[in-house]
Amino acid sequence: MNKKWFYPLLIISTLLSAFSHFFTHNQPLQFGTACLSLLFWAALLGKATESVAHYSGERLGGLLNATFGNAAELIIAIFLVKEGLFDMVKASITGSVIGNLLLVLGLSVFFGGLKFKIQSFNSMLAGHNASLMMLSVIALFVPAVFMGGLAPADVNTVSLIIAGVLIIGYFLWLYFSLVTHREELGEAIDGLPDEEPGHEESPEWSKRISLLMLFVSTAFVALQSEWLVHSVEAVAHALGWSELFVGAFLIAIIGNAAEHSAAIFLAMKNRIGAAVEIAIGSSLQIALFVAPMLVFISFLFGNPMNIIFSNYEIAAIAVSAFIATSISRDGSTNWYEGVLLLIVYLILGTVFFVV
Amino acid sequence: MNKKWFYPLLIISTLLSAFSHFFTHNQPLQFGTACLSLLFWAALLGKATESVAHYSGERLGGLLNATFGNAAELIIAIFLVKEGLFDMVKASITGSVIGNLLLVLGLSVFFGGLKFKIQSFNSMLAGHNASLMMLSVIALFVPAVFMGGLAPADVNTVSLIIAGVLIIGYFLWLYFSLVTHREELGEAIDGLPDEEPGHEESPEWSKRISLLMLFVSTAFVALQSEWLVHSVEAVAHALGWSELFVGAFLIAIIGNAAEHSAAIFLAMKNRIGAAVEIAIGSSLQIALFVAPMLVFISFLFGNPMNIIFSNYEIAAIAVSAFIATSISRDGSTNWYEGVLLLIVYLILGTVFFVV
Amino acid sequence: MNKKWFYPLLIISTLLSAFSHFFTHNQPLQFGTACLSLLFWAALLGKATESVAHYSGERLGGLLNATFGNAAELIIAIFLVKEGLFDMVKASITGSVIGNLLLVLGLSVFFGGLKFKIQSFNSMLAGHNASLMMLSVIALFVPAVFMGGLAPADVNTVSLIIAGVLIIGYFLWLYFSLVTHREELGEAIDGLPDEEPGHEESPEWSKRISLLMLFVSTAFVALQSEWLVHSVEAVAHALGWSELFVGAFLIAIIGNAAEHSAAIFLAMKNRIGAAVEIAIGSSLQIALFVAPMLVFISFLFGNPMNIIFSNYEIAAIAVSAFIATSISRDGSTNWYEGVLLLIVYLILGTVFFVV
């Protein structure tokens, strides 16, 4: 797109979306304008992530992107927890995890693979991501298997302990990956920016502007996502789609627009390491930090949510983690591995739709 | 064996088998002559596969072998589907997958490993095979978990969608592995023919004759297998063995005689890459192409077969895929890894026998 | 500790423990003195293992350590089998496997990783360990899935067959790893002793003395462990802890003191290969040799124990095997991978405590 027209169109589409959201009840109009605006903000977010990654390294950039992307989801989930809508919270956590592991990662790997024959990233990071995904599945599987027949008080205590352990594990992971073993997990393979600064196009924005743009564009992507979610729910219910499908697929797809756009954008620039960091890193953050935090927050509200997910949800997350681990473990990807992820997403989407 | 006597014995044993099949009712005689004839045809098939592999590369040769081997099974299964014998179809699909992953691969790896300390093959191929096996397990596991309580009409629709997605996935895999990433998955490690043509014994047959021999010998192996199956069923029932065991083990062992003989033959010539391609490639073809095709064909017959396998069958296939993945993932094999596969086959055979 | 005081303190603490065991009924005193004595014997055992490993290589040293460590457990289990306490036997087998895979391996990897950034060991060995763990899980999972509704006589027959197959598999593994592929699985990476004998501190003991010390110290560790177990059971029951938790966690932790101390000791000397051999090797020995032997022995006693474990036990062992495989498969470890193992141990311990 011509650069000249980008910012004017961004602003106009955002104003149109805001107008239709606040002053009309026309849901298809709300949906259309929010989509259009989202498109522009997501593009800006991708650019901001890339610019930040230029200064901070791909992994920190990816982590920032994932964190900003999940912040919106956390806020929405807190409101749902407060109202006791635990099933919807768990469905949206499930949807987020499988959406990131299958759809975001699948599209990134596929489109990246169409442009580059084989894309590589740090294989030690790939191995650790796999182990952390395994931990996420274990942390969902074990309570569901063992606590079927327990008293609610015991279930709640165990939920709190497991949630606490997972949060500690997640912070130790950040400490490990960003402090003690930063270099080993780092940019060795993809780290063109540091080693060949001349080879890279020099970034348009300064470090401070990049961070600001990352923050602002993430905020607007979150805002537009939420508006979109509101209108899409009404549309979906009019079409007779199930709550589970809407929660775990439709809302998750739109709610993860930030991760989607940035990850695919980066993969197509051969920065598959950053794309993987966004997609898998975002799932891990949801499973090991966001979900446990919600358990704790629910206790503060005096209405405890346990950590027991339904069999459907555990099966979907386990299946996603296994296939994502299988394709990413060797630290290299190609278009067909993207196809595999998308096939599993399609299969899960189909069964969730009819269940 | 003296080469002079090979073709006369081949012809005589085939005539004997045909005579006893058409003109006698003596089932032990039918069984014995079919076995003898099968032995000769399987040897010829192994030679033809090796000769084709010489011209086409090991992977295409392996694929051709697997395809010809499965063609017979597909034809038999279509007749069973037409008559609505869905349980027997699913048992034989299960038996074929675990027979290839455990028995064919196990014997190849074991006997190859007795002659060569460590045998290596393309590790990128190994990784992709593992991911495809994971997809096969997921495609069986997800419907069984999610569709227990659904209306038959929904189950059938979902079965068709999943079958369609798997067939598309399988053809994209062929396109990926034989066209876009042929070299990466290819003969790099085992590719002696291309690099050192002098080192290789030059093949006896021309390219055209090799293909013809592959076709003819596969056809006769299939024919003899079917005759064997007929007589073996009667023998088995006389001995009081269960349908499930006969379907999933006895028939599968004999029905896969083509893969067995060729794979072991190639492994003992240190062409473990081709042997793996036959064994794992054949399982994948059954899980991702043959089984979905049968779902479609059943709809054409107006008597829809769904894609929901029994828990026993899914457990057996999952267990086989996990252990086969575990030993093959690193792209190298040794005799003990063959032992591991055979142990799991023995365990599954034992429980299937008593269930 | 000053070397001068080591042996006197060892002897005094052992005498104190023996006195309180035989002549008092004061269980806290028995517990305290046994703990103290165990500490000294475990230190001596670690030193003996290291000395033996110096002469025999790390893998054989690790195997000896694991075998001596499990001998005590086997003896205790035989008495339990004789009295028909099958549930307690299975709980202690489960506890031993997960204790070794998660706690012993986790602590070794964690403390080794605090001193050394990345520790490496033979990756072919890591792959085979992973496949053998998979076999252990399969051998527990398959009977439980398939034999739910069978007649006890059939269950017993199948249990005997599976037990026999596993024992054969275990001995073939020893033959493979110690004879035919000893070098490939061997000391290539960690093998400092053989290659740079000068670099290593020369061992204090001769080969014969080392073996004797290994034997004697293992015997005393086993003895003290058993005394500790007796007193700890009474203490635990006074506190109202469940049998399952005491059997699978408390007793397993204390009963594996030999493996614990030696493995952590070796890991902190950067001999992670020997530590892994002890931790994973010990689990494999229990799953593939000790447990099947107990099935056979139960038949000799005329009171057959089958090989069907409870769902809880299978889930716990499967989860442990998966995470241990995931972190060890690449043949290198770091402190965070130890944290992951310990987190899973904590989660399992929590749910076992409340179940």
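Order of writing sets the labels: A, B and C. Residues in every chain begin at 1.
Quick note on the criterion: a residue touches a chain if its C-beta (ideal position, glycine included) is under 8 Å from a C-beta of that chain, and two chains touch if they have at least 3 such contacts.
What you see is a predicted model, and the numbers here were worked out from it, not measured in a lab.
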Fitting chain A to chain B on CA atoms, where both chains share a sequence, rotation angle to nearest 5 degrees: 120
Self-contact between copies chain B and chain C, residue sets same or different by half: different
Cα-centroid distance, chain B relative to chain C, in whole angstrom: 40
Residues of chain C whose C-beta touches two or more other chains: none
Chain C to chain B touching residues, read off their complex: 123-124, 127-128, 130-132, 134-135, 138-139, 141-143, 145-147, 150, 154, 157-158, 161-162, 165-166, 168-169, 172-173, 176-177, 180-181, 184
Chain B - residues contacting chain C, complex: 117-118, 311-312, 315, 319, 322-323, 326-327, 329-330, 332, 334-337, 339-340, 343-344, 346-348, 350-352, 354-355
